[in-house]
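In what comes next, subunit A is part of two complexes: it sits with subunit B in the first one and with subunit C in the second one.
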Partner chain A sequence: MSANSPFALLANATALPWAEVPEFAPEELVQATGKELDRGARLCSWFGLSEGPAVRLVALIAYDADNSLAVGRSRPFSGKYPSLAATHPQAHLFEREVWEQHGVMPQGHPWLKAVRRAGEAGPGVIDFFRVEGPEIHEVAVGPVHAGIIEPGHFRFQCAGEEVLHLEIALGYQHRGIEEALVGGPHRASLSQIETAAGDTTIAHTTAHAGVMEALAGAEPPLKAQWLRAIALELERLANHTGDLGAMAGDVAFLPTSAACGKIRGDYLNLTALICGNRFGRSLVRPGGCRVDLEPARIKTLAERLAVANAEADEACAWLWDAASVRSRFEHTGSVSTRQATEVGLVGPAARACGLVRDVRFDHPCGWHRFAQAPVAVWPGGDVFARARVRWLELQRSGRFVADELSNAPDGPVREPVEAPAPDTLAACLVEGWRGEVCHVALTGGEGRLRRYKITDPSFHNWTGVAIAMRSQAVSDFPLCNKSFNLSYCGHDL
Partner chain B sequence: MFVLDAIAHRLRSGCQTMAYPKGPAPALPDRHGGALRLDAARCPEGCGECLPVCPTEAITRPAGQPTALDLGRCIFCSACVEACSHGAVSHTGDHRMAVRARGELVLGAAGQEQVRLAAELDEKLRKMFGRSLRLRQVSAGGCNACEADTNVLGTIGWDLGRFGIQFVASPRHADGLLITGPVTRNMELALRRTYDAVPEPKIVIAVGACAISGGPFEKNPQAGTGASSVVPVDLFIPGCPPHPLTILDGLLRLLGRLEGASGPPARP
Partner chain C sequence: MMASVEFIVRIGLWFLLPPLLPGIVNRVKAWVAGRRGPPVLQLYYDLARLWRKGVVLSDLASPGFIAGPAVAWVAVAGAALLLPLGPLGSLLSFRGDVILLVYLLALARFCTAWAAMETGSSFEGMGAAREVSYAVLAEASVITAVLALSVQSGSVSLARMMEPAVGSGGVLLAAGLFTVLLAENCRVPFDDPATHLELTMIHEVMVLDHSGPPLAVILHGASMKLLLYALLLVQAVVPLGGLSFPAAVAVLAGGVLAVTVGVGLVESLLARFAFRRVPLLLTTAFLLCLFALLVAWNGGAA
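Entry: the complex of A and B
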């Protein structure tokens, strides 16, 4: 499929000179991207690049079946261009973002509005899609929620208990991470990337290290690649366990909820055993990892992992055994395979719709070139399927880490990285626990970052939550939302 | 049968709540390091090895003044400890870091090498909140790590409920706020409104480097410089994120619930 792509091909975590990226007229870029998406490619990222008063569009797409990425760009322009979202919904949020940041109008966009920008009253004070009728009522939730959760605003159009439509307004968490990276990397850049989505630190720092190494033409030491892969799976184990516990809690099934709350902490403590921090801060660095694992530590890690894996197995077995849980999970919050493909879902949310879509398998880089866990897929697209995919991934990631711990390569864990090459573009995808984390970096003439684009999996998947809520009881929102458990700050950056 | 399995599991595992604060505190991970200590007296004339490595510029050495380390901006990356060849900056292994005043997080000068730990609330507030504290949590640009490690205090291992501390759904039901994140521009109004909705008397707790100072986002105009730029703060709990033990220590310290509790375990 990629063989006759009009775009420039690149493998995951590699770079190419900016001059080699093919240039199109804006409408041609939209047309060419649409054509590739029709042929089965996937939109990983779509962003603007300022060129004086004008703007260029850049498209990064993935040919999953060919293990290949491709990039194209438009000529600088201003004013308007034909919307890609009008025909390919997976582009809708990207086009809104470009419009917000650069002022170019995607003509024909079905629902053009700000993504993060706010007036005096905050991001949620905007026009929402409304259903009219005497029996219709509106429910507004957020930005401050009932639990210990990040802020976001949810607007439901309901007929009685039934949700006809949900619109999600985010942006409350916007901290200006991408803007701050321009001209960098700066002193605080790495810390900002570590906290872009603070529960996905390993995936985001690995993607960042991937682009910085690609820009410098460096390959990190094998042992660092190994350690990153282990830390990435520990991050997945902790969060999936927490999610399964939280979903059990939302259907009032307390045994699994209570057990998973504790086991999640046990997995976080394994990450802390590696680097001191439960969320993997200060572990991944461009050029490698900050700390090494000595044999005794590997042994402790393996022993404690085995205990946590066994406990997670047991706690999940109760969940599947309980008819009350199955009846609440099944046929709740369904997303069809077609919808998932059209809106471009990634990660467990996509795999729960039967889509085989996993960066570790489709675009392996780092240690995943040598070792892989099977992709976990389940059909159905409902809460049950999303829980089931997590459970499969718990088992497979648990086994993967256990296997790889006995496979430690020799050698250093960190090597110095040269300065980034000038006028070069690099892209790195990493399969975080929520799905595809995508970092794209472009350097200017001095080798400093000219544009840095982060796409958290949540950016693709929030639309999935809105779709899943259609025709559901509004009281099922917590369960449906938890079954996706998306990041607010990862979306808002 | 999950019912029988679950009962068997409960019998087998017994009570899983930690003994702390009556018993010993659980050990921090050995690579965590705990609170930092800065003996500015050990800094040689003109030395600034640690200054450029700090990602949040938590360490400063203004001309003619001693080196200062602001634990409120520190993200505990250990880069300064690794850079310092004079033993001036060091790990203490101590999980206790919560303070009542922002300045008490600034280390370095003689007699101020370590944090000056929080004093408890005055008698009137302690009588009100000491055995029953209801908090509303507001994430205002938090990255979900401080939130997660606050949430974890509700799990069976920590069981925050045994101290009478609970997170509630409405500010109207709350005695105070626990704030995370640098207070982004887009959350400032929501935070103010939530604070106003909490009945008096009320307390505010800032958890994590972002909520104390803006942390790594201090210089981003879209982010903010912490909770105290918007509301008065009564307790600062540093970390990125603070370990759950550090948060729990801060809460109990504020409520005067730590009498007789043992100190941190000895460093291995």
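Entry: the complex of A and C
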């Protein structure tokens, strides 16, 4: 499929001289990207690059079946270009983002509006899609929520208890991470990457390290790759456990809810055992890892992991045994396989629609080239499927970490990395617990970062939440939302 | 003289005892979940704290926003005084007092819904709509249960209706009334009193904008209603008539405790139902009460 691609191919976590990226006219780039998406490719990232007063579009697509990525760019232009979202909905947020950041108009975009800010008024103060009719009522939720969660605004168009349409307005957490990285890497860059989405620290820092290493033409030591893979799975274990507990809490099923809150803490403490921080801050660094894991701590880790895995198994068994839970989870918030493909869902949300889509399997890099956990897939696309995929991944990641702990390579965990090569583009995908984390970096003439693009899985998946809510009861929204559990700050950057 | 003392003592009991029940429910839930949980007396502390606080009032709200909870509390208290307390009998008893009791509870609900609508919040309107639509089904069960008691005792006065032991219909009636108790008091599987998610709430969302003393009145009224239903359930099912005074009081208290622990256990072990399935469960409760009525009609023989 990728053999006759018009784009330049590259493997995951590798770099390519900027001059080798094929250049198209804007409308040709849109057309070529659309054609590749029709052939089964997937849009990983789509962003603008300022060239003086003009803008260049850059497209990064993934051929999952061929384990390769491909990149293309447009010639600098200004004004407008034909919209890709008109035919391929997975591009809709990307095009809105480019319009917001660079002012180029995607002609024919079905719903063009700001993604993160709307002028002076701030996020959320924009026109929403409205359903008219005497029986229709509008429910506005957020940005201040009842729980201690991040801010986001949800606008429901309801007929009684039934949701006809949900529109999600985000942007309250926009901190300008991508802009701050330009001219870098700076001293603060790593801290900024670590907090792009605080619960996905390992995935984001691993993607960043992958990009920086690719730009420098370096490969991190084997032991660092091993440690990153273990930390990544621990992050997945902690968050999936927390999510299953929170979903049980949303349907007021106390046993699993209470137990999972505690087990999540146990998993987080395993990450703390490795690097001293429960969320894996300051573990992954370009060139390797900041700390080593010696045999004594490997042994402790393995013992505590086995206990936590057993407890998680038991807590989940209660959940699956309860008929009352099953009746709440099944047929709630369904997303069809076709919808999931069209909007470009990633991660457990996509795998719960029966899509075999996992970066660790499709685009392995680092330790995942040598060791893999089976991809967890479940059909159905409802809350039940999303919970089930998490549970499968809990088991498989738990076993994966247990296996790999006994398989530690020797050698150092960190080696110095040279300065990035000038005028080079690098891309790295990492399967975080929410899905595909995509980092793309482009260096300028002096080897400093000219453009850094982060795509959190939440950016792809928020549309999935809106689709899942169609013709659902409005009271099921918290449950649907929790089954995706997307990041606000990862989307807002 | 004696009558006024008794009145004061009864009011005092109804004032002081009910907040204990939610404390016990929460304790049971905490125990099942392996947590320590809040103190049993937590609701007392909450009420004292709320009573000292100020009130936040919406510009849109009419005096009904404050009057609603007050009238609702008085209505529930009135219903409580009509209810006989085992061997103590009822303070006020007359032919058809059971109908007044049912109507007082309906008045309390009307006032809560009215106060909720006063804020103009879409959440509270949604909650009021849900509460009222489930109440229609729950009330049918209550009235059927009352009919069953009335048929088997041949009376429409609560004091006499509670006296005779219920025959084989007792089990049916107990199951039906317990389900109604869960629905009327907004417990799992109908509602989740512990949730913070406005979109899923029924009762909680109606009182979202209340604060300070009015909220305290609402919370106390809710606990009073829970005790009222627990007492009604125990007396409708357990024959207390033949027991000595201390034994009857002990059985009554034990019964209320058992019902409260039962609520806690249901809440611990069952997930909440989806809204679309709630009518199914309430219809089941109605049918249970209806069969109890049929058994009563048949002279207590199944």
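Simple rule for what comes next: the second predicted complex is superposed on the first by the 489 of 493 C-alpha atoms of A that agree within 3 Å, B and C clash if a C-alpha of one lies under 4 Å from a C-alpha of the other, contacts with A are read in each partner's own complex, and residues count from 1 in each chain.
As a working rule, a residue touches a chain if its C-beta (ideal position, glycine included) is under 8 Å from a C-beta of that chain, and two chains touch if they have at least 3 such contacts.
The model shown is predicted, which means the values in this text are computed figures rather than measured ones.
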Room on subunit A for both subunit B and subunit C (clash or fit): fit
First (subunit B), second (subunit C), both or neither touched by A:Ser475: second
Centroid geometry (CA): angle subunit B/subunit A/subunit C, rounded to a multiple of 10 degrees: 60
First, second, both or neither for A:Gly147, with subunit B first and subunit C second: both
First (subunit B), second (subunit C), both or neither touched by A:His137: second
Partner chain(s) touched by A:Glu161 [first = subunit B, second = subunit C, both, neither]: second
First (subunit B), second (subunit C), both or neither touched by A:Pro82: neither
Which superposed partner A:Pro255 touches (first subunit B, second subunit C, both, neither): both
Which superposed partner A:Thr332 touches (first subunit B, second subunit C, both, neither): second
Broader residue contact with subunit A after superposition on the shared chain, subunit B or subunit C: B
Subunit B versus subunit C as contact partner of A:Asn277, first or second or both or neither: first
Subunit C versus subunit B - closest C-alpha approach in the superposed model, Å: 5
Subunit A residues contacted in one complex by subunit B, in the other by subunit C: 146-147, 255, 258-259, 322
Contact footprint of subunit C on subunit A as seen in their complex: 137-141, 146-147, 161, 248, 250-255, 257-259, 322, 324-325, 327-328, 332, 473-479
List of subunit B residues in touch with subunit A within their complex: 1-2, 5-6, 9, 16, 29-33, 52, 54-57, 75-79, 136-152, 154-157, 167, 169-171, 181-182, 184-187, 189-190, 194, 210, 215-223, 240-241, 243
Complex contacts: residues of subunit A adjacent to subunit B: 116, 118, 120-123, 143-144, 146-151, 171-177, 179-180, 187-188, 190-192, 194-199, 201, 242, 255, 258-259, 261-262, 264-265, 269, 272-279, 281-282, 291, 314, 317-319, 321-322, 487-489, 492
Parts of subunit C lying in touch with subunit A, wherever the complex brings them together: 29, 32-35, 122-123, 125-126, 130, 188-189, 192, 194-200, 267-277
